[in-house]
């Protein structure tokens, strides 16, 4: 009983700051928007119907899913060598290397995007290098478009993948790889036949986490896309604050949540099967 | 008069079929040291934790000096506990660790200093009072834990495997020290151990526990020489167990030989057991109350004692002989006559 | 097994991608030029000076720092007792409570921000101190609870039991033994909560207004509209704060452990 009492302050903060708003969000998604743009109390699926029948929604959904799936895959592919290197590093260096891989998590997303602007902008580092070497005459458009969003999103998902992979690969016995090597396997065959299959559950977990985070990412698509790339997250933001169509914003947020929950359930099923098998 | 009394104390952990402690009762006189001896999982630590108030019994009572403390929380029981891990507070110096119990009991600051000094002196650590636990060796930590438990002058001192974390040489030293301190202060003490040597060397009374019950509660000599059950016989000390049949009052048959015993159960199948040091290889035509002919299988030399593993018609027997005694020269393969007294033969119904 | 050249090269690319933005922010923030171009035409501190002279950003910085301090204090005050209960006490619904107190971490901040907007706007709490405090505390509390649960769990239980047998009540034992030993964890939790609030952008974007705004929101808006090195100087400030806190947390409890999801 004392235990519950001790949890009360924290539970209260979450009750008021989390449960109540989310319940309200769900409730508002069943409201109606009048032709004048005002919100009307109701219990209707009109808003959902309006969203689902709009082709633009499906474009958005497709853009969002392909974007985040691609970036999640790229992030996992880039995080894997980083974590393998960390795992094989001398213990003295391991902590620092892991810290460097994971620390970007806590560097403000906006700050990192400012860095990307300096790298990918028309007068940024990459274009300076390319024109300086005479490879291109006109600067490549690497920012304020989908390319920029892809690069930025991949980078912002990588630390999460590293985190999952460091935890997942840490449990793998590196002697298995040494055993494969003593059995005559080359480096690449050891990687393909031993490391990769063993790491697969961790890779899958990292991918799904990155995918879920990518689907709901807002800052990167907004800033790197320069207002020209539209995904579900930017649309929800605009509906809430530009159009001020709260029922639509709420309904789209609910649909996003539904998708994410489905992805998480899928992840649960996949990992559970892995354990059972 | 009884200082600590346990009455049908029972503890059942949720989700387990058999109780961890199954209705044990005992009385311990003022100033005595009781060893709870048994294999791991026998319920000895659970019993100790119930006495300390760290575990709530499902049934039974705990009495200290006639007062029922069963329902009291640990901090109202006035008991000193030495934990297996010592549980020294790592953020406090040795002196502050020892002072903790005094402070919690509201002993005035002026009085605390001298009492802490006395407690540390008792364990010979006055010079290390300002060290943090991690700056102390295992043996020193052990002593601080003892001083901390004793400083508030507890009604009862409880020790949970206090020596298990020490290496063998230190263990004996600290063991004797604990016993000396306990006797000097006259604190009634309960001591949990799985090490029979420890129990026999330190205790006034030994309770041999198995599967939540006390198999025997007696003095160390009694437990060792006259084990009450087969479990006690095999758990405490080494012993050979032979199959036999009780044929009459004080008479058994084993491997074709007739043996005499001081006490026997009702006629029928039985198991007999004899301590190795009670078995003597007999020279020439020397006679004994019981004689079993046999042959030496193995000879293990461990300095002052030589153990002979002998084969007889009744089964294998261990005999311990002192170096330089008649049997010491026996070699594997030699014939031998093994003699032992009727009083040293223990018989249990099979 | 020693890593091969291919693994080394691939890992180098990965690290380059991870660290390049922060490094470039650092370089450009000292630029003497007028744009985010590379290489900078020269180096100067002019954009840091400009930052200090920018009253709007300085107000936002003050707001953010103050807010983050309050959030850290509130999250610790609320999270610590809950973490102690979850780590140490048996009570009905303990597992459910632990799950509930971690729940906000499962939802995207975008959805949380929208939900808070819909809840706080009608209550006239949007763009107010209490509103922002509630919103940030809601995100910070789960972190505080998680780090503190680990910290309390790492203190051996028998230390507390030893304190009980020495005459300390449950409350005094927790206060005198467990709490001091979990202090590094508490400090780390406080620092992380501070950082979470100080860097929080998405939820704040929904909740700020002309009356009250925070530094990350101002930076976001600035980066949206203009691209001069002032924003790099601003970003650098945030990175330095984050770095300091990451190093502090690493020293205290190990960073990967603190933010890890398992």
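Annotations for the structure displayed:
Labels A, B and C are assigned to the chains in the order they are written; within every chain, residues are numbered from 1.
Operating definition for what follows: a residue touches a chain if its C-beta (ideal position, glycine included) is under 8 Å from a C-beta of that chain, and two chains touch if they have at least 3 such contacts.
Everything numeric in this text was worked out from a predicted model, so none of it was measured.
Ranked by how close its C-alpha mean sits to the mean of all protein C-alpha atoms, the top chain is C.
Of the two interfaces, B-C and A-C, the higher number of touching C-beta pairs belongs to A-C. If you average the CA atoms of subunit A and of subunit B, the two centres end up 61 Å from each other. Mean C-alpha position of subunit B lies 55 Å from that of subunit C. Subunit A and subunit C have Cα centroids lying 18 Å from one another. Chain contacts: subunit C has no residue touching two or more partner chains.
On subunit C, the positions that touch subunit B within their shared complex are 156, 158-159, 161-170, 172-173, 176-177, 180-181.
For subunit C in complex with subunit A, the touching residues are 1-4, 6-8, 10-11, 13-15, 17-25, 27-28, 35-39, 74, 77-79, 81-82, 84-86, 89-94, 97, 100-101, 103-104, 106-112, 114-120, 134-135, 137-138, 141-142, 145, 192, 195, 199, 201-202, 205-206, 216, 219-220, 223-224, 227, 231-232, 234-236, 238-239, 242-243, 245-246, 250, 254-256, 259-262. Only residues 1-4, 6-7, 9-14, 16-18, 20-22, 24-25, 28, 78-79, 81-82, 84-85, 88, 95, 98-119, 121, 123-125, 128, 154-155, 158-159, 163-164, 166-167, 174, 177-178, 181, 187-188, 190, 209, 213, 215-216, 218-219, 222-223, 227, 233, 236-237, 240-241, 246, 249-250, 253, 256-257, 260, 264 of subunit A touch subunit C when the two sit together in their complex. Residues of subunit B that touch subunit C in their complex: 52-54, 73-75, 77-81, 83-85, 87-91, 100-101, 104-105, 148-149, 152, 158.
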